[in-house]
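Structure incoming, see below.
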Amino acid sequence: MELRNICVVVTARPSYSRVKTLLSAIKEHENLELQLVVAGSALLDRYGSIVNFIEKDGFEITERVFMVLEGENPTSMAKTTGLGVMELANVFYKLKPDAVVTIADRFETIATSIAASYQNIPLIHIQGGEVTGNIDEKVRHANTKLADLHFVSTEDALQRVINMGEDPEKVFNTGCPSIDIAAMINQEALNFNPIEKYGGVGEAIDWKKGYLVVMQHPVTTEYESAREDVLSTLEAIHELGIPTFWFWPNVDAGSDGTSNGIRTFRELSKPKNIHFFKNMESDDFLKLLTHSKCLIGNSSAGIRECSFLGVPVVNIGTRQHRRQRGSNVVDVPYHKEKIKEAIQERISKGRLPSEAIYGDGLSGKRIAKIIANTPLTFCKTIRY
Amino acid sequence: MELRNICVVVTARPSYSRVKTLLSAIKEHENLELQLVVAGSALLDRYGSIVNFIEKDGFEITERVFMVLEGENPTSMAKTTGLGVMELANVFYKLKPDAVVTIADRFETIATSIAASYQNIPLIHIQGGEVTGNIDEKVRHANTKLADLHFVSTEDALQRVINMGEDPEKVFNTGCPSIDIAAMINQEALNFNPIEKYGGVGEAIDWKKGYLVVMQHPVTTEYESAREDVLSTLEAIHELGIPTFWFWPNVDAGSDGTSNGIRTFRELSKPKNIHFFKNMESDDFLKLLTHSKCLIGNSSAGIRECSFLGVPVVNIGTRQHRRQRGSNVVDVPYHKEKIKEAIQERISKGRLPSEAIYGDGLSGKRIAKIIANTPLTFCKTIRY
Amino acid sequence: MELRNICVVVTARPSYSRVKTLLSAIKEHENLELQLVVAGSALLDRYGSIVNFIEKDGFEITERVFMVLEGENPTSMAKTTGLGVMELANVFYKLKPDAVVTIADRFETIATSIAASYQNIPLIHIQGGEVTGNIDEKVRHANTKLADLHFVSTEDALQRVINMGEDPEKVFNTGCPSIDIAAMINQEALNFNPIEKYGGVGEAIDWKKGYLVVMQHPVTTEYESAREDVLSTLEAIHELGIPTFWFWPNVDAGSDGTSNGIRTFRELSKPKNIHFFKNMESDDFLKLLTHSKCLIGNSSAGIRECSFLGVPVVNIGTRQHRRQRGSNVVDVPYHKEKIKEAIQERISKGRLPSEAIYGDGLSGKRIAKIIANTPLTFCKTIRY
Amino acid sequence: MELRNICVVVTARPSYSRVKTLLSAIKEHENLELQLVVAGSALLDRYGSIVNFIEKDGFEITERVFMVLEGENPTSMAKTTGLGVMELANVFYKLKPDAVVTIADRFETIATSIAASYQNIPLIHIQGGEVTGNIDEKVRHANTKLADLHFVSTEDALQRVINMGEDPEKVFNTGCPSIDIAAMINQEALNFNPIEKYGGVGEAIDWKKGYLVVMQHPVTTEYESAREDVLSTLEAIHELGIPTFWFWPNVDAGSDGTSNGIRTFRELSKPKNIHFFKNMESDDFLKLLTHSKCLIGNSSAGIRECSFLGVPVVNIGTRQHRRQRGSNVVDVPYHKEKIKEAIQERISKGRLPSEAIYGDGLSGKRIAKIIANTPLTFCKTIRY
């Protein structure tokens, strides 16, 4: 059998966690060769560069692509994407991969899709077919229409991708590789001190008797209100007074809105119960989640990993709109009191049973095996 | 009622013909203001700049965007698209349109779609839902998934766009504005001398007793064979000896392949029955088609306008694969003898009855009216 | 006399202050029309957007150019410059100015120079002929060799530009327009409360009995040590304990180094005598300087405005290397103790007499008048 | 001694000929490693790709950079340069060379200079210090001011670079490597049939009894008149009726003007005495020159190689303005009759004695030796 060069483009911190076991599985497969491209905010200190984590995990970075344009409005998102197309076109021209993998639905992932498909390189899309409520929704389905091979995470997603006109023989429900990592977590006890290991800023909270975790990203089509949105959560958490680890948002057009909101709140309110992190190794983050009382915010980890881990989640706003949920999730609007109530209600229930909606822990290897064995093509027509 | 600024981005000669009556209808509508952006190969002499035609038609060009990268491989198509995103992002940031119109499925049209949708500007897509067989197929459906409002040309296309998960209230079968122009053609007799009016190169053929028209574009995913493909047609036409007007292909990665094929053939074979044009005003082109014995090649005009005009068509290769056809079209592969036979068979039938598959001649005004009256939104979720 | 459109490109906060009186003089001149392009870090909140100041000063912004690429290394400086050339080429193509003005020697100013000169637009360079010690040095002299008309600030600079082979009839020592602003300052007393007016972060220091001002930019060719460099100054100021206003550095490849240094120091040392600002209107900044005990750092304001204002300066490191100095300046290396000593020595001297080395306060009008009356050409050859 | 990686960026066909012996010398030097970047029009078939020649000469291409933007005006030259900066910044970031070599004065060479110097990589400039009359003049001297080490071709040039303020210890008059190639030519007889070997288009002229060579490039600051300029020469050559080999111009903003002029003239006048080539291996070109009666046009080969070879030259227009000349050159304006007269006068003199103004045939090795042994620095200040 021929050796296949598979080029995976990682453009952000959460995307790396999402495909880490797939990267390992590609690297270890005898008929696959991994070409790892790290691009965009994944390279930038300001958003928590993941280069060190990647190298510590034993992966070699084949190419680095700096492409993030600074700006305070959605224009810079568009221009970053355009620049990404130009840069990634060069990279694929040079690496000549047998297939390119694009991940999920961040705005810049369409750059990977265009640069590959326009050069007649088979395009593999991971995590298509889901539903959300903003620009990610458009990007995800456009990625699906540019892609030749699809690995989705749920039965709903499988059906949706086929309904969009894709060939059923090219769509596989493999579960999400992010669940593989969750499945490897030792659930006994938190075996590190988050503040000692990661520093961060803010009070040295007493987390040992129980803590909350917050991760709230700006919702890009409403980016001007990003500042207000995050303030509801900040105030709710502040008023509850429960020790909390808060994670900085990743890069988006509204990033400065959210970041400014957090910075200003810290200056003015000096919250005693919140400690802020920029970044954490994905394993440690999952351990932190596993032992938390509740995850608050709009991170997809609440929908995906936490359903497997049985961690209670208060999901705020529209970012995870229509994503398939486990019974661990409660949804609330950007409203301080409702956020507070929901957190208290969730905490009162305690740890919940594991649900395997988004995967069973074996997705990475399953995907790699299919990539090695399925025909790789770059021509398709809609099925109806 | 509020005034709406509607920005139409024209990136190539054929796209202009396709939306000319829509541009007029927008300009004349009391609640709409036209912002006309001319970009890409539409500005370049090498591919027949359409700037003069646009100005002669009475439209003012709001912005010009130079974005075509030179190159001999698909990499330059990808990079042109990336540059287009960056440049159009600037243009939309400045013009602040209430909606942006992207046309059909050329590779660079996705640049318009990204630059608009990422900036939360409602995106209108014209001519979605059709089916072809190469990169255009991917681009067209990706445009659909980025767009908020859809104007399609046939019942088949309407059903396909809805099947892809779009809201039926946002999809309209208005017919194609290119048919409007065909419907305005005076069909009595050819009222100009093509060679006198347009020059061109090659023999001064005697076209008055009947002539063929050829328009053959490179098929991008097979661009290396573009040269061979065009030679089959050149030889077929040469051997038939019927007076022929041949149109230069538009820009694509394989353009140089096709162009080289034509140039070399001219040098070596000095065909006495072929006259070459780079460009023609769309009205004159339709008149030329109307009075021709047969259109040969892979132009969409053969599928669309010619079904309305009743002009026989020999359609070569895969470029128009699965597009809805009238009874005027015969399909053949890249094969000299089969092309010759098909031309002779078509000519023997003479002019055919008009069919209204792609429109009834009123599409431009119909689209403008809907744009003026329908809610313009930029958020959507898939319908299933 | 014909009307001349003069396009000035401002790419950073300090550049704006430098040409503000020139902008006014162009706007008010009956034969000149101002086209103001604001670009690069001048548009970004992270570095203190100056858009509000510009509009408050009564100027209309003709075009905004987002071009800053994020990154942690000099690569992003180069790419920002390349993107700037592309974007500014569009802007000049559209505005069709009779001349373009590029300012001084920041890395991205060469983008203005290339975009103008390659399009055969007469290029005017302000503040050529000076001497410094890093990439600015190369950029400044390259700007001179691309420019057609030169307005320099000192006699030394005049001689240098002529020595480089420029036509003496095209080089004018007009003084620097930044001194015009200094000359307009009412020197009686500080008529605003900096902390009330500008907020900022850090302690509410008691500045009324006297204060220091610090402005220290990263030196780009040594960007990895930017963090260490700024720590010497931070510790010196901390140990002296004198109330201090500290200004955030502008964007450069080392920006994150310096910024990180400041952020970390604040977290760890919680300095009680330092208040931090991101930005200040240039008039207010000059007032603040005028009444300060001493300016510390490597800002060119120490060399230029402060010589006119008679404010003592401790200039640290190589950034102002070989710039003509008044007697108000003392130079020290990045060394905590030496910085402390120099500050104490300077303070002991008190306010110094004004020196007119960099201008007499009438430069803006003088430059505008020459621009209106001199032939504008774009062809030149070296004079020897 | 440490091994030094020397990155040479070749952006056009003539630049390759100019440095070919230097490339060999670097490759063969025990302490140097060659990194060869081929970029811009050097990669494009339309202007005669040199990739095959490079590979045939035994060099490995390290990176290929597609960066040429299509267009009909100088804007595309500027944008090509901007894109070049972005792309070359990536290339140097990845290759991490110990020094970068930029060649002469084509508009896009400043992209190399910026991408290297902004990343603190020592920049070597070849062929600075000369004088011409258009944008090349500005570019060449700007390259000098960005460069750290200079290899010039004549005594005049040496003096000029030093006069511009460069350190005399960093400037070397090594002669031009293009003369090395001229010196290796066997001058006995033309040992190949140009038409058989290179094809080309036009009449199969009888060159064996003597022939002319024409090479005329557009002069970019006058690009609109490029079409008219080339017509004077075409008509002069046509009327003289002497067998002539005519070389297609390289890419510049005016390229289409010149190319159009040639194409139209061929169509209309069908000149029987002219044969056209796109490209020729540099060795063969020099042989062709050596045995020609006269070189006509504005190629620098007329000034440089032909003075060494003793070939008569009719130099037209301003492109070689103020370049040091041998006694073999006669200058004329764009004027048909004057061109005709000058050609006849030159032919009447026959072959001339060799002059070593631009080099003695050993430049490539001389430059490589200095690069291997001199300190490579990236900081400098003007010397006065």
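As written, the chain order gives the labels A, B, C and D, with residue 1 at the start of each chain.
Note that in this section a contact is a pair of C-beta atoms (placed from the backbone, for glycine too) under 8 Å apart; a residue touches a chain by one contact, two chains touch by 3 or more.
Note that the structure is a prediction, hence the values are computed from the model and not measured.
Trainee: Please report the minimal path length, in steps, between chain B and chain D on the chain touch graph.
Mentor: 1
Trainee: Would you say A-B or A-C is joined by more C-beta pairs in contact?
Mentor: Looking at A-C and A-B side by side, A-B shows more C-beta contacts.
Trainee: If we define chain centres by averaging CA atoms, which chain lands farthest from chain C? Would you check?
Mentor: Between chain C and the rest, the longest centre separation is with B.
Trainee: Distance between chain B and chain C based on Cα centroids, please, to the nearest Å.
Mentor: 52
Trainee: Counting only Cα atoms for the centres, state how far chain A is from chain B in Å.
Mentor: Measuring from centre to centre gives 40 Å for this pair.
Trainee: Listing for chain A: what residues touch at least two other chains?
Mentor: 66, 75, 79, 83, 86-87, 90, 93
Trainee: If you look only at chain D, which of its residues touch chain B in the complex?
Mentor: The contact residues of chain D facing chain B are 41, 43-46, 49, 66-72, 75-76, 79, 83, 201, 256, 267.
Trainee: For a test of understanding, state which residues of chain A touch chain D in their complex under the given definition.
Mentor: Residues in contact with chain D: 63-66, 86-87, 90, 93-94.
Trainee: Show which residues of chain D lie in contact with chain C when the two form their complex.
Mentor: By the definition above, chain D touches chain C via 73-75, 77-79, 81-90, 92-93, 107, 110-111, 113-115, 117-120, 131-135, 137-139, 141-142, 144-146, 159-160, 163-165, 221, 321-322, 378-382, 384.
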